[in-house]
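The structure appears right after this line, and notes come after that.
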Amino acid sequence: MIEYVGVLMFLAAGALLAAAATTVSGLVAPHNPTREKLMPYECGENPVGSPWGVQFNIRFYVFVLVFLIFDVEAVMLVPWAVVLKELGTPALIAGFIFIGMLVLGLADVWRKGDLEWVREEERAALKTAPKNAKAA
Amino acid sequence: MSDFFWLIPLIPGVGALINGLFGKRLPKPVIHGVAIGAVALSFLIALGCFFGPFLSGGGETVLEKTLFTWIPGMSAAQADGTMADFTALWQYRLDALSMVMVLVVTGIGLLIHIYSMGYMSHDPGYWRFFTYLNLFTFFMLNLVLGANFLMMFIGWEGVGLCSYLLIGFWFERDSAANAGKKAFIVNRIGDAGFILAIFLIFYTFGTVDFYEVMAGVSAQFDSPEAGWGVLTAIGLLLFVGATGKSAQIPLYVWLPDAMEGPTPVSALIHAATMVTAGVYMVARSAVLFEHAPNAMLVVAIVGVSTAVFAASIGLFQNDIKKVLAYSTVSQLGYMFLGLGMGAYAAAIFHLMTHAFFKACLFLGSGSVIHTMEHAEHASGGHRDYTEMQDMRNMGGLLKHMPKTGWTFIIATTALAGIPLTAGFFSKDEILWSATHGGHVTLFWIVGVIAAGMTAFYMTRQVILTFFGEFRGGEKMASHLHESPSSMTIPLMVLAVGSIVAGYVGLPFGASLIGPFLAPALNAGMPIEAEAHHASVAVELMFMGASVLVGLCAIFLAYRMYWGKPEGDKAVSEGWPGVYRTLYNKYFVDEIYGATVVDGTLGGASALNAFDAEVVDGAVNGAAKLTLGVSDLSNLADASLVDGLVNAVWKVLAGVSNGLRHLQTGVLQNYALMMMVGIGALIGFFYYYLWT
Amino acid sequence: MERLDTISSLQYFVPEIVLVFTLMAVLVCDLVSKNRAPRERRLLIVIPSLIGLVVALSYSLQGSEAVSAGLFHNMVAFDGFGQMLRVIFIVTSIFVLLFTLHSNELRLVHHGELLVLLLTVTVALIWMANSINLLMIYLALETVSVASYVMVGYLKTDRLSNEASLKYILFGAVSTGTMLFGLSLLYGLTGSLDLFEIRSALSSQEVVASSGPALMVILVLVLAGIGFKMATVPFHFWCPDVYTGAPTPVTAFLSVGPKVAGFAVLIRFFYGGLASPSEDGASWAMVGSVDWQTMLMGISVITMTLGNVGALLQTNMKRLLAYSSIAHAGYIMMGAVVLSGEGIQAMLAYMIIYLFMNLGAFLVVIVVHNDVGSFDIKDYAGIWRRAPLLTIGMGILLFSLMGIPPFAGFLAKWYIFSVVIDAGLGWFAVIGGLNSAIGAFYYLKILKTMFIDGSDTPEPSTPLALQPLYAGLLLVLIVPNIIGLLLWGYLDRVTEFSQKLLDAM
């Protein structure tokens, strides 16, 4: 068990650090709340509804998935790069095949318009919508 | 008491911590109680050290205390190709030089803390102000007590930060926020030089400790470096740092703007202490500079140029604080002149006396501004703060606020170098040193001209502010009154200091401070015999000449301004070009704006354009290439796609509408049943099958 | 056993490589043809897919009996069993691909991604069936799952399809999560991810003595993931809902591909990790302290019973076939219980025949849905008058599913029951026979609806629309069911070769 004490200490130190940071900022920071400041920050989207059931725009999920792919790519490539020299040419080729597949994936989402926040079809739909919709 | 000297810097740090964390919720008496108490305690300990070991042991006394190893051994390459362990200790060292600086910082700092109590009493940022002041004191004391260049650098950066925070203290004013930024950015240039110097020092000597470096200089270079070698490079890089912090040409531009900060800040940071850090640094590295005569020559030239240049700008300024700001720049130039001439002790002496009389002047001007603004408010006026600092709106204040007035006049005499004041002794020491070496006449003449200008503009200031009729309007006149005693008492103490402080450095070899500082300036090494001995008569002659110039300048100012507040007209109409150039500060800000700032911005936008056009273009090109594979036919057939999508939607929306009310809640039951199944299987195993 | 490194493994990996490059090529074809007319575009993706699958199939059919190797440093097995399964998966994919072409459900959606997903699942199924490393098993299983989730929800605007997909995802997450927990416990217990090393670890006496309860829990937890793929009780709950909601070609695929792969993993895991083979490799003996044979037997009995009983009152054709497929999973599992090479042979034979009869039945569902637009059994009324041949074909398929001689389904059941009886588990075979009888009820109910119901209404009978492609496919699927007995010898020979499991010895 004793070898886990280090982990415990890390946990404690981490918690302490986080607590200290928030406490200090609470003590030091001026406190002039306004409506905008009290709003939870969600990447520029105005939150709707109560904080217990926050509804995210479904588009975020697409971005998260795409992000995940390339995040995992990085995770896979780092160990690959570390031992590349020992493994030699086959590993190099394998790595490039791997990257090639991911590039293909990127090309796919790009081409399908999934990297646009508002897709082509939707934009066209928005254009045809009545002008006063926004004002209302 | 002296065992605890290392507490001197730490106590204000603790004070800053307390006020910084809890000040928002504390009442004002507690806030300034903590802040002033901390500085007072430090001052007491410093006095204890001075009257204890230093008075008995003299200048050779050195106290050291290592708190902890800051950077443990880190292998790093040396100039001679070997590797050395780079180590930095968190070590405080109190020697004679540091002692003087500590007394100045804590003593003047204490008075200014007390003064601030009155000056800032109505400011909503009261706690913030005292936090910053204490923090500044903490860093400044680290700067002067640190035993190595790295510690000094910490303090150096720290006071820079505090200076930035305090200049921009009233950040809701655009001008204050901009002045803060300007100070910070200009200082960065100097800091870059300083840190390069530290690198070079470690690379050359394998250590950053002051005494070890200086011993290394003496050991490795037995004679002064003739040309432009590594010592000169180090010296010049250090001096680049000093020009930033101590507002010398060409980096002086931030200091006049720094007057946007509260006046106590101007007094403490921008007159008495922080701006003298560069002087302290050069004095600290005296041994090194002694071995780099070319670097010293540069220091002297820059110093004397700054002295006369800034003094000339100060001649016709109308803002009461601006005049004092240019005066400070000019006086700092004097100190560097002294350093450049090798009169380190004289420079430190002038630093000390200057701290007294300039702090007194700034606080006095603060007192005047305070009164002016109160009177304006009381009379219902709403003029801008710049109007309240304009000497053209003052006059005759001596009879309304005699304590402020008389202390101001006393400090003025000191600054103008009237005999038997502190300023007279210290300035004379520097001018006397300027007669040494091979450039006698030029440095001395320029120095004396600057001294004359100083006497002129100070006289002008006193007359415009305190004599004649009040020009701020009838309504205000009735509301003028003396400032509270928390402000006038520090003024009086400082005024006394402006006279008395000079008597530790009497001329003709009777100086106490010179021998006291000598061991520290020589970095604890044995002192060689003094080479220069001039006759008293010669010294007296030079002294008399400079005093004469000063008196003439005072008389000139008297003739021009006494009873004639618009006395500038004599110059502005007689030599309009000269007046305009001086009044507009030689257009230096404009020139910097047009060259350095616009150049930087232009370069930035050019790089930005490069980034946007070329780099992004390349990236996009690569991306397009990838896409190109999939983009063989690029005519978008929007109507077909739309039609298809809409058709799918219409057909399937009908189907899905009917199914909308199907609930998915049973899924939880599925999972539950599966888990029950798993449990049942395990149970089954357990009772019947496990053999 | 040969243990091969990455480079020398590649020669045994050609079909998979072909499939991977095919799926990437299809993806590219799909992207470049974005702005073409739909028909043209479909051809552009279907043809490469088919070519790739056929090439992979032709490689797979060149079986090599002699070689038995652990590829990629013992991650993937190459043996007779795996080669057979590879053929099964690729054939299934070819059929399903052709199913999608004229299905009314998929008429209005673009096929590009569906085919890419199909190919992905195919590759992953092959890996899954051949994995002999815990990590690889899990990885392949997840790849199959994730791609199938999307396939199930492919009708984006159809709520039923979405609901099915969501249920599938959530249930799958729970199951595979449970499995992963079991796998990690197993790793903790034995210190290895390699099945053969796990076996030798479990063979040691001290592990046997100390790890009984732990191993017991592990086996049940791991079975959760495998059972999810096989759709056996109690991990079958997703099956009816998902089969109903998914597009029918996808349902057909799910009812064969992942199920077969699940059984393959079952064999690999239990026979490879928890049993040691006899000298001649024809039978296995359990290793460790846990009697998992009885557990599998129990699950098999419950599964077939529950599947058959559950199917009785169904009114939706897809739902009914879902329960039917659960029941068949129970039958197939009987072969796994007996711990012999003959058992594996019987399972393989059953699965091959099941492939034909089940895919055939689903194709009929697609065809009927194309014309009638419904999956309700009552809407099958009167089909006889409109399409007599189709009805006869469906009859043959259903009889085969029932296990009525002389159709192939009978052969499959007979094969597996006889193996069970040979193993001395006569009562087990009896339960299987009883279940077949129950199954006959609902299969016959469908036949009754098709032949008899609605024949008295005088409405004019228009011939049922039947696409030539589907007609041909039906023929291909039905004929083996008829001539099954004639193919006995061939099937026997093929499966004889395929019962060879890679083993450490």
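Couple of notes before you dig in:
Going in written order, the chains are labelled A, B and C, and every chain counts its residues from 1.
The rule is simple: contacts are C-beta pairs under 8 Å (C-beta built on N, C-alpha and C of every residue); 3 or more make two chains touch, one makes a residue touch a chain.
Note that this is a predicted model, so its numbers are computed, not measured.
Closest to the middle of the protein, by Cα centroid, lies chain A.
Chain pair with the highest count of contacting C-beta pairs: B-C.
Chain centres here are Cα means. That of chain B falls 79 Å from that of chain C.
Look at where the CA atoms of chain A average out and do the same for chain C: the two points lie 37 Å apart. Between the Cα centres of chain A and chain B there is a gap of 43 Å. Of all residues in chain C, those that touch two or more other chains are 28, 31, 34. Multi-chain contact residues, meaning those touching two or more other chains, occur in chain B at positions 629-631, 636. Annotation for chain A: residues 107-108, 111 touch two or more other chains.
The touching residues of chain A, when paired with chain C in their complex, are 90, 94, 101, 104, 107-108, 111. The touching residues of chain C, counted against chain B in their complex, run 28, 31-32, 34-36, 38, 108-109, 155, 157-160, 163, 166-167, 170-171, 174-175, 178, 212-213, 216-217, 219-221, 223-224, 233-235, 237-238, 289-291, 294-295, 298-299. In the complex of the two chains, the chain C residues touching chain A come out as 6-7, 24, 27-28, 31, 34. Chain A meets chain B in the complex at residues 24, 27-28, 30, 103, 106-108, 110-111, 120-121, 124.
By the touch rule above, chain B contacts chain C in their complex via residues 629-637, 644, 647-649, 651-653, 655-656, 659-660, 662, 664, 667, 670-671, 673-674, 676-678, 680-682, 684-686, 688-691.
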